[in-house]
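Heads up, the next two complexes both have chain A, just with different partners, chain B and then chain C.
Let's turn to the complex of A and B:
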């Protein structure tokens, strides 16, 4: 099992937000993560990441001179990392059934708050991507859905024995889903072309 | 089989079809009269699909058999066509194929089998439901439909893309008149030779005498008797006599030509003047440029001179002669008509050494003797093959007389006396010359075609212009074996009166120029496109030697004294 990346601090049926254990520790865009903590696993794809002040009401003040790099600023202000946090959002793409089977549709309930979130293993990624149904959920992942979908497919393809075949199969599923939106379809296909 | 996976109106067929590579698609619409629309399965290349191929449709509790009649390209939406992938963009093409764009097969359902797998296929009266799975027909299914080679069926070829034999029903084939159509050079002669060989072979296998048949072939170009020329005229193939020995008698109208060609003929045939009736002249009206009045005059002169002498009498009439003028006046014949008739008759008899005024044997009796003994007769025309009036005259005179004898015998059988003669199949080439609308009602061939099997005589017509054949006659051509035709009217004629003919047009127009034929009608349960047997190979010859139980002696030995 991989180490946890963070903890859920906000969750809805189709989305979750997690705070990373470490600053800048957010998984990459499109990566698959798993929220599970004494509850059936919920699978989600990372749709965004944000690093900012702990207190949302206070904007960070600029530090350091024009010639100072980021490392110099942090060295001069060792308290700063403690004032910052990294959060990431993910859109739910499936969940585990009572028997552990992969279900590529929304769960009955949101991920529990404070559940640990970890990166999905290669086996879990392959299991989720074995059927293209999850793509329908990805395509509703907000304004960056196309970017997220493309990133997710690129990353998932890396875990496949035949990545081109996987991308073609996924592309065919997208062609059906986006039959009425050819511009979106072409945008995604351009981004996943091997 | 799981339920189809639905994606925005597109069905992912990989989830519904058996993964054995035979899945072709799924039914998405259609009707009984217009045929079914079948969406081609993802993963099947449209380029591999040929019109004329057989498919099986798995419906609830029954199977339908049909034929692909057309292939169509469609797009799920117009949008994808506005931004088509580049031709060399394999990635996008692989993605769009079968999803955004797809192929639809038009399938004409023809037969169905309900219940047990061994039950007999029956004509369709309904269609399979939506989303029924469609796959390539298996060899076992095609065999089930067309029967297997045996006394009741003979092999005609193999379906396109399949390694299974398609058979014609022998019983049904001899039952009615049949046609072999196709434009020049499409292999009609080879196909006919092959069919005749099978007919003779199967006839000998019949235990029931009533099912035996004999063939009389009016061999215009000397292709069926002893040997025929192969493709391009470069080689020779064995014809019926060499292949089937004593089951075939070769007769010739032109002994000199037969000898030159080294043909071992059995008998030379002559036609006596007395055998030619005015009705035979009527058939030649167009060929000899005779007027209607001239044909009428021939009948009048036959009454005057008597049947045996009218031909000579008509040719020797001199209209300026007083006696003749008197005759013409009494018979109501105009002098110009006599001129027209005389010129035509003189042209008819000119340079025809088989026409004899005195002496000569009764050729009809000679032919009949062979036929009644079950020996097939091929009548070679030698050099007269290029003389259309000669061909038409001889075919008409002989057939008319034979038909008379057959009619008398069948009537006698109906009266309770005598044995029925073997079923006679008369093969004629250039059939439209005998069966065009102008003469079909006058020739014996038109009569035979129309009366069907009443008197145990049927036709095998070979023609490149089926559109020139009289509609009524054509409608009686029960089994049509059609090689490539590209004239619209000929295609219409070849398909006339056939259910689903509109859909078969595309199939017919796309046949290859050689060794492919569309077969439809009485002797096949459903239309079929076949790659016809290759006639003339050693394997083909060997089949017949084996079937006939004849060891393969050198050909010369067959005729050794």
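Let's turn to the complex of A and C:
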């Protein structure tokens, strides 16, 4: 099992937001993560990350001179990392059934708030991507859905025994789902071309 | 309409005219005060004697060891140092609430520069009465009791802040210079003069969580290593030095303010140097980055019967209050410290340079104090949330909670 990356602080049926244990510790775009923590696993693909102030009422002020790099600014203001946090959002792509079987559709309930979130293992990634049903959920992942879908497929391909075959199969599935939106289809295909 | 701004605006020309009048006299008073400061700084023994003999109610101050008529530059800051700051906030007792209680929130920031230690930004909240009664009887007068609310609660908070500062300062890592900062003044005189019972005053001063143990701890820490303690006031309104110049400028052979010729025929003779605040004087005297000489306060209240009061407890215990003014690019600040630190030039110089560095990082106000404030602050939303929590937890039965007045404020009707 991989170490946890963060903790769920907000969740709906189709999305979750987690706060990272470490600053700038968000998983990469499209990475598959798992929220479980005493509840059936919920699988989700990372759709965005944000690093900002913990207190929404305090804006970050510009600090340091024009010649000061990030390290110099943080050395002059060592309290700042303690005032920042990194959060990431993820779109739910599937969940584990009562017997642990992979279900590539939305769960009955959101991920529990404060559940730990970790990166999906290679086995879990391969299991989720074994059937293309999860792609339909990815394609509704908000304004960056196409970027998220392409990133997720690129990363998942690395866990497949035959990456090329996986991408071709996924591309065909996308062609069916996006038959009425050829521009979107081509944009995604350009991004996953082996 | 709660405030008729049109009516208020109609009165502003009068305010502006009054300000113009004050500005016209301020220039002359400033020149006279600077000249008097130069004159008295050249003969400090006479000035000290004049202050010692005078009978007035003003808080006074005397230069401790240095020439009062000049500024002092700061040495460069150390490469590594730690700064600790504590601040507090509270929710006062509300008699319209379903339970009489208060919340005291202490926030602190410990920031370490030039080393790998992580910062500590945290707070601790306390609800009372839970371990202490809200009302305390006096030990000498059965009809005298103190309720911890309003100004008494503010006193308790200032005591808690100093106690917390001492506790956290003791836990600061050593090996490099350290500063322990409070916002405002050291609060010693406030407890001494507050209209509270003797029992409560002694508790606030002498109990294990009181002022004296905290001051003793800080003194011990200063003796064991390079730790400086200070209370920092932004844009202070104090006038101790100006008052002392007034005393010096008094034409009476012995200064007794109840016999001032200005009482029957204003203005008072000392008004010639009567600036509103020390800030006027030292903003003119000091260059940005400089500090003033260190002054020792003489805050004893002299009664109109001409009988001098005894020295307050903190002077008797060796914790008399000293201060200097710090000129920043945008404003003047007052920096108070105990006299045992004020007498050590290397500690004063360290405090000076660390405060300048902290203000540069602020910018304009010590960054550690800012962060401590952010940890301590109780926002309007927090206050509403606490009121709702209290209402939910304490109110015995469903239905409208609070008093009729609090309900009328919550539901404004026409």
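The rule is simple: the second predicted complex is superposed on the first by the 194 of 194 C-alpha atoms of A that agree within 3 Å, B and C clash if a C-alpha of one lies under 4 Å from a C-alpha of the other, contacts with A are read in each partner's own complex, and residues count from 1 in each chain.
Here, contacts are C-beta pairs under 8 Å (C-beta built on N, C-alpha and C of every residue); 3 or more make two chains touch, one makes a residue touch a chain.
Computed from a predicted model, the values in this text were never measured in an experiment.
Student: In the overlay, answer first, second, both or neither for which of chain B and chain C A:168 touches.
Tutor: In the superposed model, A:168 contacts chain B only, not chain C.
Student: Name the chain, either chain B or chain C, that contacts more residues of chain A.
Tutor: On the superposition, B touches more of the residues of chain A.
Student: In the superposed arrangement, which partner chain does A:177 touch: chain B (first), chain C (second), both, or neither?
Tutor: first
Student: Which partner does A:186 reach: the first (chain B), the second (chain C), both, or neither?
Tutor: Touch status of A:186: first partner only.
Student: Quick check on the output: what are the common chain A residues between the chain B footprint and the chain C footprint?
Tutor: In the superposed arrangement, which is not itself an observed complex, chain A uses no residue for both chain B and chain C.
Student: Considering the complex alone, what residue numbers of chain A touch chain C?
Tutor: That would be residues 55, 57-58, 75-79, 81-83 of chain A.
Student: For the complex, which residues does chain B have touching chain A?
Tutor: Interface residues on chain B, with respect to chain A: 7-10, 12, 42, 76-77, 79-80, 82-83, 91-92, 94-96, 98-100.
Student: Which bits of chain A are touching chain B when the two form their complex?
Tutor: Listed in rising order, the residues of chain A that touch chain B are 164, 167-168, 171-177, 179-182, 185-186, 189, 193-194.
Student: Could you list, by residue number, the parts of chain C that touch chain A in their complex?
Tutor: Per the touch definition, chain C meets chain A at residues 109, 111-114, 118-121, 361, 367-368, 371, 374, 379.
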